[in-house]
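Each of the next two complexes has chain A plus one more chain, namely chain B in the first and chain C in the second.
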Partner chain A sequence: MRYGFAVRIGPVGFRVGSAWPQPLHALTLLYRGYPSPCEAIPDFTVRLEPDGLLRRWIRPSIAIRGDYTLPEAAPLALRHGLLAAEMGMNLQMALGHRRFLLLHAATVEREGRVLILTGESGAGKSTLAALLGERGWRLMGDEFALIDCATGLVHAFPRAISLKNAAVSLFPAVEPDRWGPVLEATPKGTIRHLRPRHDAIARMDEPARAALILFPRFGFGETVREIGGAEVFVRLTQASTNYVALGEAGFTALTGLIVETPARAIDYPDGPAGIALVERLWNEVAR
Partner chain B sequence: MSVSIALETTYRTPDSADFAPPVTLDGFTLVYHRPSGQTHMLAQPAPQILAALAQGDAAPIEIARRLAREHGLLDSEGDVVAVIAARMAELAELGIIRPV
Partner chain C sequence: MNAARLLVDALRTPESVAGLDAVEWTELLAAARAEHLIASLAHRLDGQPIPPAASAILADARRSAEQGRVQALWEAEMARRALEPLGIPVILLKGTAFAAAGLDAGQGRFIGDLDILVPREALDQAEKALLGGGWEWVKDDPYDSHYYRTWMHELPPLIHRERDRMIDVHHTILPPTARPKPDAVRLIADSTALPGGLRTLCPPDMILHAAAHLFADGDLAGGLRNLWDIDRLCREFGEDSDFWSRLAEHARHHDLEKTLARALRLSRRVYGTPIDAIRHAGLVPASTKPKALKLEGKWSPEQVRGDDRIGLSDRLYIRRLLARDGWGRPTRKLTRFAFYVRSHWIRMPPSLLARHLWIKARR
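Up next is the complex of A and B:
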């Protein structure tokens, strides 16, 4: 590829190649201060290529390729190149990662204990985790929880947080240089990436044990529901991208996590209420 | 498979090496079946049937006797045997146990 960028996010090394310089310029700014991959060969490669012969120049559009590819993925406009790179990195993790049990979840840590927030897209887990990350918690990741199959510990994957639409306005006090460009009219609406705080990046190699699993749902009146282990198991297998691929190691890791960790489903109407509810449950329920 | 046939089918003792240690969650038993790589979520009485079958090859009526002996809750008559036969047929369909 003509242009290249390499970064390590937690235990995973990425190399991103691009036919255009712009997406990598944005990535470099967003990930400044992150380490380089530990080894000469990164875990995953993402390639941002023209979607067809002339698409490098004429109405340039990006096809997301890499070690793992979804054939039906729609190309993105060049102005959304940063999103293409982030989606490509997520795709490699979701389809190819085998070292950890992956849960589609946001994670934050305080005093050596981890809160796992998981749920479908739009449930507000990224936003809640980002808000907590600005309020004394260490953000470990907004996309994937990495569960070590041998130890059960949660490892951090603190990539830039993808905030959508109105969620961006919840962070008025964030330093301007932590924001990526505003990406308007993407397939997911308006998106802006937020660089995690310094401590989240500096401590990305520190795993911690899970203490509470929450299944949040944004936009509803406040409720808390206790959920049994069997339901948690079903929900987390749905939230995992590689449970089946890991075989028995995944079974042992996931059931171990569920046996050890209390879980609640919560509904919350807005960010401040969500934060207050999380803090209350952390004090009352977390192990 | 009709129930009348299943009642007489003898099933083979499952090889314990085929299963990871089961995990009980919230009244369900999670079983990881190594040969197929599948996780099964079993509700009562399936885990008890598997445990009873582990004592030796048996048909549903014998499983009912073993369960009655161990748990004191079941007898080996009528409906109970039919229920056990139906569950054993389902377990066999999943590949967890096999007819002899």
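Up next is the complex of A and C:
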């Protein structure tokens, strides 16, 4: 590929190749301060390629490919190249990662214990985790929780946080150089990426044990509901991208996590209420 | 260096990875993934000194293939249970067969769909039994269905609605419209029973099927992997000294001599498959001077070329097989396109092909 970039996010090394310089330029700025892949051998390759013969130059459009590719994925405009690179890296994880049990979840840590926030897209887990990450918690990741099948520990995957639409305005105090460009009119609305704070990157290789699992839902009156192990199990199998592919190891890791970790479903009306609720449950329920 | 060449060298000579730098490792792993050979490579490199980062990737691939093997064997068992009441032989093909029979070719072998062979006269019953057992059509299109049933060697693909796994039910190993005409009745008669009630093709026919699949059907997509199957099968079965003469006899019977000869030449050229014994069986004569040979049957000069010389068409095949770069991208577009065109050409006679393409184009 004409242009290349490599980065390590937690235990996973990536290289991103591109037919154009712009996406990688944005990626380099966003991931300033991140380490390189271990021994310079990345786990996954992402390719940003022209979607067709002339699409390098004329109405350039990016096909997201790599070690693992979704044939039906729609191409993105060149101005959304950073998003394409991010989606490409997530895609490799979702389709190809087998070292850890992956949960589609955000994770934050305090005093060596991890809060797992999981739920459908739009439930607000990225935003909640990012808010917590700005107020005393260590952000471990906004997209994937990595569960070690042997030890049960949660490993960090602190990629740049993808904030959507109104969520961007919740972070007025953030240092300007931590923001990526504003990506308008993407298939997911307006998106802006935020580099996690320095400690999240510096401590990305420190795993920790899970202490609380929350299933947040944004935009509803405040409620807390206890949920039984069977429901947590079903919800987490749905939240996992590789539970089936891991076979027995995945089952053991997941049931171990559920037996050991209290869980609650919560609804919250807005960011501040969500934070207050999470902090309260952390003090009352977390193990 | 061409990344496919790196992959072939590592598979052929595992010690060769000792000198690789980080860029070469990266390219090797990308090419191996793209060719669905990464777990085979992982097994092959067992015991070699490998950088920890690469070693972790290979260990992941092995675990993943092991889980794939468990799922594939379970899927085969599900098909066996669905078809058991019919009392017909159910013969596993390709990857699932290698895994079920515990062959070297099954080590780390990526397994996609379940491929089975059943007697042609039992095809309708088998289809009904599978539909009753939870499988359903992938595509519900009358022309596609007609196309498969009239001109193909298999039913339209079925998928299990709960397990989301595909099954291809074959009644022979090549489309009836292709030029070679394997004898499906004898393939089934010669098949080998596995413990548990399923069957595989007999050893010579496994190689013939792999060769037919690679060279007489399709556009060589996944060709390096299929050729690796052939290499592994030849090495394992070839230890038996009678094997090569049986292979030659089966190839003649199934009208696959040319196809087999090409498979063996390329396997030898690409993976170094030892084929000394093959020459004794008369498949690839030893002399480098073809004209000095007393030829039997209709061997073409190209087929009888000796050890280290290969013909122009073999070179084209190798060019196609090695069309992969260090980013895992397909390369050599023109060569690929030529083989794509060829795949249609060899699969059906020109008039039928024209009709098929016309109908496909109008939709």
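Structural remarks
One rule holds for everything that comes next: the second predicted complex is superposed on the first by the 286 of 287 C-alpha atoms of A that agree within 3 Å, B and C clash if a C-alpha of one lies under 4 Å from a C-alpha of the other, contacts with A are read in each partner's own complex, and residues count from 1 in each chain.
By definition in this document, a residue touches a chain if its C-beta (ideal position, glycine included) is under 8 Å from a C-beta of that chain, and two chains touch if they have at least 3 such contacts.
Remember, predicted model here, so these are calculated numbers, not experimental data.
Once the complexes are laid over each other on chain A, chain B and chain C both fit without any clash. With both structures placed on the common chain, the touch criterion links A:Ile58 to neither chain B nor chain C.
Judged by the touch definition given at the top, the superposed model places A:Met1 against chain C, while chain B stays out of reach. Look at A:Val182: by the touch rule set out above, it reaches neither chain B nor chain C. Once chain A of one complex is fitted onto chain A of the other, the partner contacts of A:Arg99 are limited to chain C, with no touch recorded for chain B.
Computed from Cα centres after superposition, the angle at chain A between chain B and chain C reads 60 degrees (steps of 10).
For chain A, the partner with contacts to more residues, out of chain B and chain C, is C. In the superposition on chain A, contact is made by A:Gly66 with chain C only, not with chain B.
Contacts of A:Gly13 after superposition on the shared chain: chain C is touched, whereas chain B is not. When the two complexes are overlaid on their common chain A, residue A:Gly228 makes contact with chain B while staying clear of chain C. By the document's definition of touching, neither partner reaches A:Ala74: not chain B, not chain C.
In the superposition on chain A, contact is made by A:Cys38 with chain C only, not with chain B.
Closest CA pair between chain B and chain C after superposition: 5 Å apart.
In the superposition on chain A, the residues of chain A touched by chain B in one structure and by chain C in the other are 247. Listing the residues of chain C that touch chain A in their complex gives 22-23, 25-26, 29-30, 33-34, 51-54, 56-57, 60-61, 63-64, 67, 70-71, 327-329.
Remark: chain B residues 20, 23, 25-28, 30, 32, 34, 37, 39, 41 touch chain A in the complex.
On the side of chain A, the complex with chain B involves touching residues 228-234, 237, 244, 247-248, 251-252, 255, 258-259. Across the interface of their complex, chain C is touched by residues 1, 13, 15, 17, 37-43, 45, 47, 49, 66-67, 97-99, 245-247, 249 of chain A.
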